[in-house]
Amino acid sequence: MTAPVLRAVALAVARGGVPLLEGIDFALRPGEALVLRGPNGAGKTSLLRCLAGLAPPLAGRIEMQPDAAAYASHADGVKAALTVEENLRFWAALHDRPLAEEALDAFALRPLRHRRGATLSAGQARRLGLARLAVVDRPVLLLDEPTVSLDAASVARLAGWLREAHLARGGVAVIATHAPLGIEAPELDLSAHRADPRATAGPDAAFL
Amino acid sequence: MSVWDYANPKKFIDTTTPLIPWVSGLALLCLAVGLAWGFFLTPDDFRQGSTVKIIFLHVPAAMMAINAWIMMLVASLVWLIRRHHVSALAAKAAAPVGITFTLIALATGALWGQPMWGTWWAWDPRLTSFLILFLFYLGYIALWEAVPDPDTAADLTGMLCLVGSVFALLSRYAVNFWNQGLHQGATLSLDRQENIHDVFWIPLLVCIAGFVLLFVALVFMRTGTEIRLRRMRALEARARRLEA
Amino acid sequence: MRDLRLAVRAGGGFGLALAFFLIVVVLVPFAVGPEAAVLARIGPGVLWVAALLATLLSLDRLFALDWEDGALPLLATSPLPLEGVALVKAAAHWITTGLPLSLAAIPLGVLLHGEGAALLWLAGTLLLGTPALSVIGAFGAALTVGVRRGGLLLSLLVLPLYVPTLIFGAEAARRGAEGLDATVPLLMLGGISAGSLALLPFAAGAVLRINLR
């Protein structure tokens, strides 16, 4: 059995200093994905930000190689003044990767490659944001609502890319989503991990 | 027990609350005695006349304006390194006191400068440095006000205080270089021979003690208030969570 | 590189700071009168203050755009550390404002009756000092990136930090123009620029990380 690429141990997560989730345990081995479920405000985004290393965990630990994660937030980080290709080229250069044509193909961006970011529709911008993940080519994907503003064909394209290009090559993914994505993955229901409201962890602890 | 135990908010309040009346009482006593002594019982200076008496306000205020910033710097460092909330809140609490002392020093200086130098304001290095110090205080307080999350605000203002201190020192040097100035040298130094006469010296020391105690009392009170506000916030947040 | 391209493409920052610089310099004679002697005397100082204000103008967009479109957290998870991001941003800011302002100071100095050596001193001190202005500004922009409408606050935080740079820069330009020895202010100006470039990116990176939490 291979070692996990990403492992969370007794992880507790806060949002704005308030404890939100606790006791999160999971391990993802190469090729495995995890789908985060839970109503709005359950803490899916906070957990993903914590896994990405943007926010420190309240307790517990995350085991992962450094610089292994690629995070995709609600916002796509598309530069309005640059074309689709220039946007991707920037991220490729930053991550010291070549700009693979497959990344453009995977999300059907080839016809749009010379369009400026400002003129893209929300769905097109989202596809560009997802293509960035293919370009930076990191083993751990942290996707926050990747299907928002995508049409059915694009959702299928995303699922296909995840299955065949990412997971099949030994990558892992943690995906927060409400829509069925069409990939085989266990689900983690965050509402079962809500932090005890009487909990006194977090920055406020000293004052209670 | 170690001194860090007082960094616990509850422990801090429990310790300082009974001290506040004593410290503030002592501060008022020192100020009353020192100022009355200074204003009514000291002779007029043979050159400066009665205007010299403003030093009993001016010198202690100016000293404490600088010391308050140094205290904020130390408190910010403690917060950034050891993450004690009381430390961050004490730095926040000290800033308005420090800016008030800076204003008192600037205003009394202007009042004294008018009859003595013939002008309310001169771009003298010391005066200019205090004006710059005032701007630093202003920026620091404004940043605290602008950031809603208390811990983020504490971190950001702490970093600003650190970087600001370096640039404040640089400004002091730059301003000295830029204009040699009218202001006399330090009023106090350890070498008493060069100092002002004993008649002024003792009431001045009493006034300085008064300002130091006043600063301590105000910082204790304001830090206590900040801690209680923070506690209310935390309790309200928990109550909301329990309801949900 | 991207920031450079963005700044040029977006058009705003690049030309706007220069135009602002020009306008301030044109307004000064209207305010103080057209006498050549007066203008020549205050010229270096006016140009330094105008350059400083023009630098300030484009600072609040430095990180704000990346904050709004969500690129900042993506940059934070990239191999380039945030300290590097801050340094690159400051460099791009300098290339699009500090450098052109320093060069534009020569023709604008002529408008204020500056002459030969004085103009070269002015441009030289600006070249040496504006990197400090950009990197101090990047620190200020990092502090206020999460604050809504943080532009005014940014000015309030950054202007006091600009004081030593302004004093040594304008002093060196003045002394050079009058043929006096300007070694000390020049050394201090260079020292401030070098020190700021070496240390402030770390402070800016730390502050960005705090704001991203």
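Per-chain numbering from 1; labels A, B and C assigned in written order.
As a working rule, a contact is a pair of C-beta atoms (placed from the backbone, for glycine too) under 8 Å apart; a residue touches a chain by one contact, two chains touch by 3 or more.
Everything quoted here is computed from the prediction, not taken from an experiment.
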item: Chains in simultaneous contact with chain B and chain C; value: A
item: Longest centre-to-centre distance from chain B, chain (CA-based); value: A
item: Most central chain, Cα average position; value: C
item: Selected pair, greater C-beta contact count between A-B and A-C; value: A-C
item: Between chain B and chain C, centroid-to-centroid distance (C-alpha), Å; value: 32
item: Whole-Å separation of chain centres (CA-atom averages), chain A against chain C; value: 38
item: CA centroid of chain A to CA centroid of chain B, Å; value: 48
item: Per-residue multi-chain contacts in chain C, two or more chains; value: 213
item: Chain A residues within the chain B interface of the complex; value: 16-18, 197-198, 203-204, 206-208
item: In the complex with chain C, residue positions of chain B that touch it; value: 132, 135-136, 138-139, 142-143, 146-147, 152, 155-156, 159-160, 162-164, 167-168, 170-171, 173-175, 177-178
item: Touch list for chain A against partner chain C, complex; value: 49, 52-56, 67, 69-82, 86, 90-91, 93-96, 132, 136
item: Contact set on chain C toward chain A in their complex; value: 1-2, 5-6, 9-10, 66, 68-80, 212-213
item: Complex contact set, residues of chain B against chain A; value: 8-9, 85, 149-151, 227, 230-231, 233-235, 237-238, 241-242, 244
